[in-house]
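Shown next, in structure tokens, is the structure this report addresses.
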Amino acid sequence: METVGIWCGAILTLAIFSFLYKDNPVYKACEAIFIGVSAGYYAIVYFFDSIYKKFWLGAVTADQPEEWLFGGAILGVLFLTRLFPKISWVARWPLAFIVGATAGLYMVNYFVTNAMNQVASTITDVIARGDAGDINWIQSFGTLVILVGVITGLMYFFFSKEHKGAFGGGAKVGIWFLMVTFGASFGYTVMSRMSLLIGRMDFLLGDWLGLIN
Amino acid sequence: MRREVPILITSIAGLVFAVSYFIPHNPFGKAESIFGDWVSIVQAFAIWLGVLNLLKVTLEKIFRKSEGWPFSYLIIISLVGTILVGFYDGFTGIYAIPQTSYSDPGTHFDWVYKYFYSALTSTMFSMLAFFVGSASYRAFRARNVQATLLLISGFLVMGGRVPLLDRISALFTDSPIFSNLANWIMNYPNAAGQRAILIGIALGIMSSSLRVILGIERSHIGGGN
Amino acid sequence: MKNLFNMSRFKIVFTVCVLLSLYSFVNAQAPAVTTVGITPPAPVTELTAVDTDNDHGHSITVKWTPSADDGAGANNVLGYRVMRSNSFEGPFNDTVGVVPLGSTNFENSSSIEEGAEGFIPDNTDFYYRVDALTGDSLVFSSSEVTGPVHSYGQWFNKGLIPVFFAVIIFTALTVLFVSAARKGKELYVRPLAGIEAVDDAIGRATEMGRPILYVFGLGVASDIATIASFTILSRVAKRVAEYQTNLIVPCYDPIIMTVAQDIVKTAYMDAGRPNDYKEDAVFFITQAQFAYVGAVNGIMIRELPATNIYMGKFYAESLMLAETGVVSGSIQIAGTDEIAQIPFFVVACDYTLIGEELFAASAYLGREPLLLGSLKAQDYAKAAVLVLALLGILAVNFSGDLGLTWLVNFKDWFKVID
Amino acid sequence: MLNTIATVILLLMGLSLIYVLYLTIKGRPVERRIVFLYIGFGVMLPLLMKMTPPLPITSDVQRLYDHIITLPPGSKVLCAFDYDPPSAPELHPMAVAFVKYAFKHNLKLIIMGLWPQGPQQANMAIAAALEDPAVALFPHEQGVDWVNLGFQSGNEFVILSMGSEFKRMFPRDTRLIPYDSIALLKNVVNFSNIDFIMNFGAGYPGTKEWVQIGVDRFKAKLGAGNTAVQATEVYPYLSSGQIVGLLGGMSGAAEFEKVLGEKGKATTFLLAQMFGHATVMAFVIIGNVAFLVLGRKKKDAAGNN
């Protein structure tokens, strides 16, 4: 069974890679299977882990049923009205619920984690000292870099004042910092993409052809 | 009815989660838990909505014989096939003694996951490695000061984060200069830039969340002002 | 290497022994008896139990100073067992938790559902005792009993007072600016280079007699980036109509397509050229990522647009689109709030609107009150953050020299973590 | 044999890049399919070579290691598997190394997933860890040494509900055994009873969400393993102390294996990763040299701001 699986996987992998040469029906077929299998996979996991395990076992068959779970199920079923154009407006109710809940949760969470706590950790002693009280110059320089980077970066994203004079200079330093940041994320993205390919190559050469042990 | 009810639902749900952050006491603490459960269940139904919608759209495509309709058969076969395998494994597992899970190692569903789902998704995304390569040859240019700065920093990180540039510096010195430099870029200038972006995003999210809760932003319920 | 392996093997044997003995404790209720070999360790001291602060109740926090034999002294403590009772005299039959050595506290919390296992009713007195455990399940030493203590819920999370005020102020700012913008008040937004470039690019396209390609990316109509993109399209379409250039808008989402068609049509009417509007300028392609990219790339190579404008939500397709654009020699202007894609746009496009700049551009062009007002409120909040951060840095670094020691705690206002 | 062939071909490929540079400068750039071939072989051939480049340990990884070694035996660790197969080349080696460490040092693993694929990836990681001879010396039992709570929908709302009670979101584990009947979960009510959270995150929901709710709201200690794409955005949390350490991408995984004394997949992938980067860097250089030599004929108007 495992061998059959590995062969299936290998054939699918090569078939998708054929797109690199040219778009072709074999690739299109794989794309169709991809859509079908992913949708089916999600359907099963959400069915058993959420609808069955959480709702059905919790609210219907349990010894002490938790009735309020029905509220969620009712909202969920209302979502399915989307499939029927005449009553599809009802689906806005669960959608409104999700949007509202997300907005409520995000509002304070984002602010605390990504604004308050980030500002707090930017406000530090620039001069870092070692255990013996000696100044750690490298660390101090790093702290200064963070400080300048955060402040000028924020200046760049300030839209109520034209970028002129000292403020403009600050904003310019800010965009340089942002560019270094984007460079780092460029490098890391390339790193991730290469890893994806290495994973596939490892499957083809190792699991399938057995060239890597 | 069609407009007001959704806006009311949005505001109530939003307020419960925002307020319960500050007021842990019941009824807010309790309401937060109940609403949290609801979100979880509603999302599961939303996924099923997506799946059923896919089925509907694909069937329509077959009936209308629109472009590429033969591939639609493949979508339906693989979708229904995966679901049937999952239901078979799931329900036999529930009635087995001791109970097993649809996703346990060795089930048919796990086999589909390992050799079909994994192979397909991983390969689809791995093509991006090739596309990054060709774009780096044909498009990524140091066309101005900013792009130059970006490419230099990208280069140092790309070459420093793996022992690549260090192989060159190793000819002169033993200390991993480029690895340290890449690490420094990540921990200081990158952290600073990311933090500036994060603070901006946090305020942006807060603003849009506020508009949603206050009911002045209504695009999500399908209508302008 | 071999040595290392042996070391870890030793560790495993040791830890397994520790674990096995720990587990045997969980249900042990025998009194302290000294058996041969292990002497009972020093008990924990300074045991306190208080209601867990800033929560919804049903939780009590037990704290203690570790036994003198924990990691030092006789070094025979393997962990602690927290016991609970309803009365001072005991019996302490209820093991509410077992924690590894070195621990100094335990939060005894329960479900908020009455009847759930281990439920802790609020406002009910409890007493706690902590046992220092050793390798022998019969050898342990108990602390003094602490109590009575009861749990209760708090009406306000006191740690969040600064957050609360910040949220209130921000809400007020937003409401204020949105209503000001709705009343038509002039609110200044600085001009953005990317937007000024759009006008030039349209002029160039006219000179060259080549079309303009406008791409929304893979977003849906409710994404803020897409909404901002609609405003920019409206401006572009208007200019295009005035200059009588061709516009191509291939769409990924059918709903976006309908909205975009309306926008372009209106722009042509506003420009006084309703007859020049072509129905097929805005069209739907497909909802498969790579197939969409393939089709758009095909258009670029066939039509050789003078300018490609990418505004909205973009994912991995960003670099594939921009690459073809470079090869076909188009001027490219991009804008997205997907941070991960911005680097690729910066190196492959001539102008890039970074994150919030896209929203600012939209507010600048469209003057839509909601966007403009929110942007202004955020700007003021940013200014406040800047000022406070600078003040804080000054305070932390110089308050000692200036004798303003109270300012040192300034940064704690922001800090929400312990 | 394979080793030698691969080395020779790679050398030849390197040399042929000079010809590509020549062609590009002459204004006759090679087709993108040729570039694809370079990328493909550049990543494939090093996998056949047996060479482990020396790798310095960065502070991010060291900090995580320094923290996990302070966890005493018997500590309860919540392991959130928030990734899918495409991210597995980067995250799976980290997960396997971490699970091995946990099993060897008797840390108790409570596994869950905010991504539907997570629990299945966790099963694979556990199976891989149990094959290790040093781990197999002692029996490890599901329900006692580790428990897989499975997946639950709701993204960050799952973390939020877990803050008051784990059982609310995960009433049963993957085998449908009720929460209260699992030995490992006795007295585990919420985050306050957890000693450490390890998150393997590939995007949303992931490390950012765990920081927002798990750390900032419920005061948990969090360590993160991220895909490289995700890792850049997590650095601000590292310098603010909201996470204790970070494993970023394949190199992070390889360093983690090294610091734990394992020789896992990431270590063997590192050479291929190096050559992948080298290929991309070479093409960026070729493209830009040609760009400079050919002048800026087409785009004299270039220049942002």
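Order as written gives the chain letters A, B, C and D; numbering starts at 1 within each chain.
In the analysis below, a residue touches a chain if its C-beta (ideal position, glycine included) is under 8 Å from a C-beta of that chain, and two chains touch if they have at least 3 such contacts.
Quick caveat: nothing in here was measured; it's all calculated off a predicted structure.
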item	value
Label of the chain whose CA centroid is most distant from the centroid of chain C	D
Chain closest to the middle [Cα centroid of all protein chains]	A
Inter-chain pair with the most contacting C-beta pairs	A-B
Chain C-chain D separation of Cα centroids, rounded to whole Å	19
Distance from the mean Cα position of chain C to that of chain A, given in whole angstrom	10
Chain A-chain B separation of Cα centroids, rounded to whole Å	4
Touching two or more other chains - residues of chain B	18, 21-22, 29, 33, 37, 39-41, 43-44, 47, 101, 103, 113, 117-118, 121-122, 124-130, 132, 134, 136, 138-143, 146-147, 150-151, 154-155, 158, 161-162, 186-187, 190-191, 194-195, 197-201, 203, 206, 208, 210, 220
Multi-partner residues of chain C (each touching 2 or more other chains)	56, 112, 160, 163, 167, 170, 290, 339-340, 343-344, 346-347, 350, 355-356, 382, 385, 416-417
Numbers and ranges of chain A residues touching at least 2 other chains	19-20, 31, 35, 41-42, 45-46, 49-50, 54, 101, 105, 107-115, 117-120, 122, 146-147, 150, 154, 157, 175, 178-179, 181-186, 188-191, 194, 196-197, 199
Touching residues on chain B, where the partner in the complex is chain A	2, 5-7, 9-18, 21-22, 34-35, 37-54, 56, 68, 71-72, 74-83, 86-87, 90, 101-103, 109, 111-130, 132, 136, 146-147, 149-158, 161-162, 182, 184-203, 205-206, 208-210, 212-213, 220-222
In the complex with chain D, residue positions of chain B that touch it	21, 29, 32-33, 36-37, 39-41, 43-44, 47, 93-94, 98-101, 103-105, 110, 113, 117-118, 121-122, 124-126, 129-130, 132-134, 136-147, 151, 155, 158-159, 161-164, 166-167, 176, 179-180, 183, 186-187, 190-191, 194-195, 198
Touching residues (chain side chain D, partner chain C) in the complex	71-75, 104-106, 134, 137-138, 164-165, 167-168, 180, 186-187, 189-190, 192-193, 195, 215-216, 219, 229, 233, 241-242, 261, 298-299, 301-302, 304-305
Chain B contact footprint on chain C (complex, rising order)	54-57, 112, 153-157, 160, 163-164, 167, 170-171, 174-175, 178, 221-222, 224, 227, 290, 316, 319-320, 322-323, 325-327, 339, 343-344, 346-348, 350, 355-356, 359, 370, 374, 377-378, 381-382, 385
Contact set on chain D toward chain A in their complex	2, 33, 36, 39-40, 43-44, 47-48, 86, 88-90, 116-117, 150-153, 156-157, 160, 169, 171-172, 176, 211-213, 215-217, 227-229, 231-233, 236, 239-242, 248-251, 265, 268-269, 272-273, 276-277, 280, 305
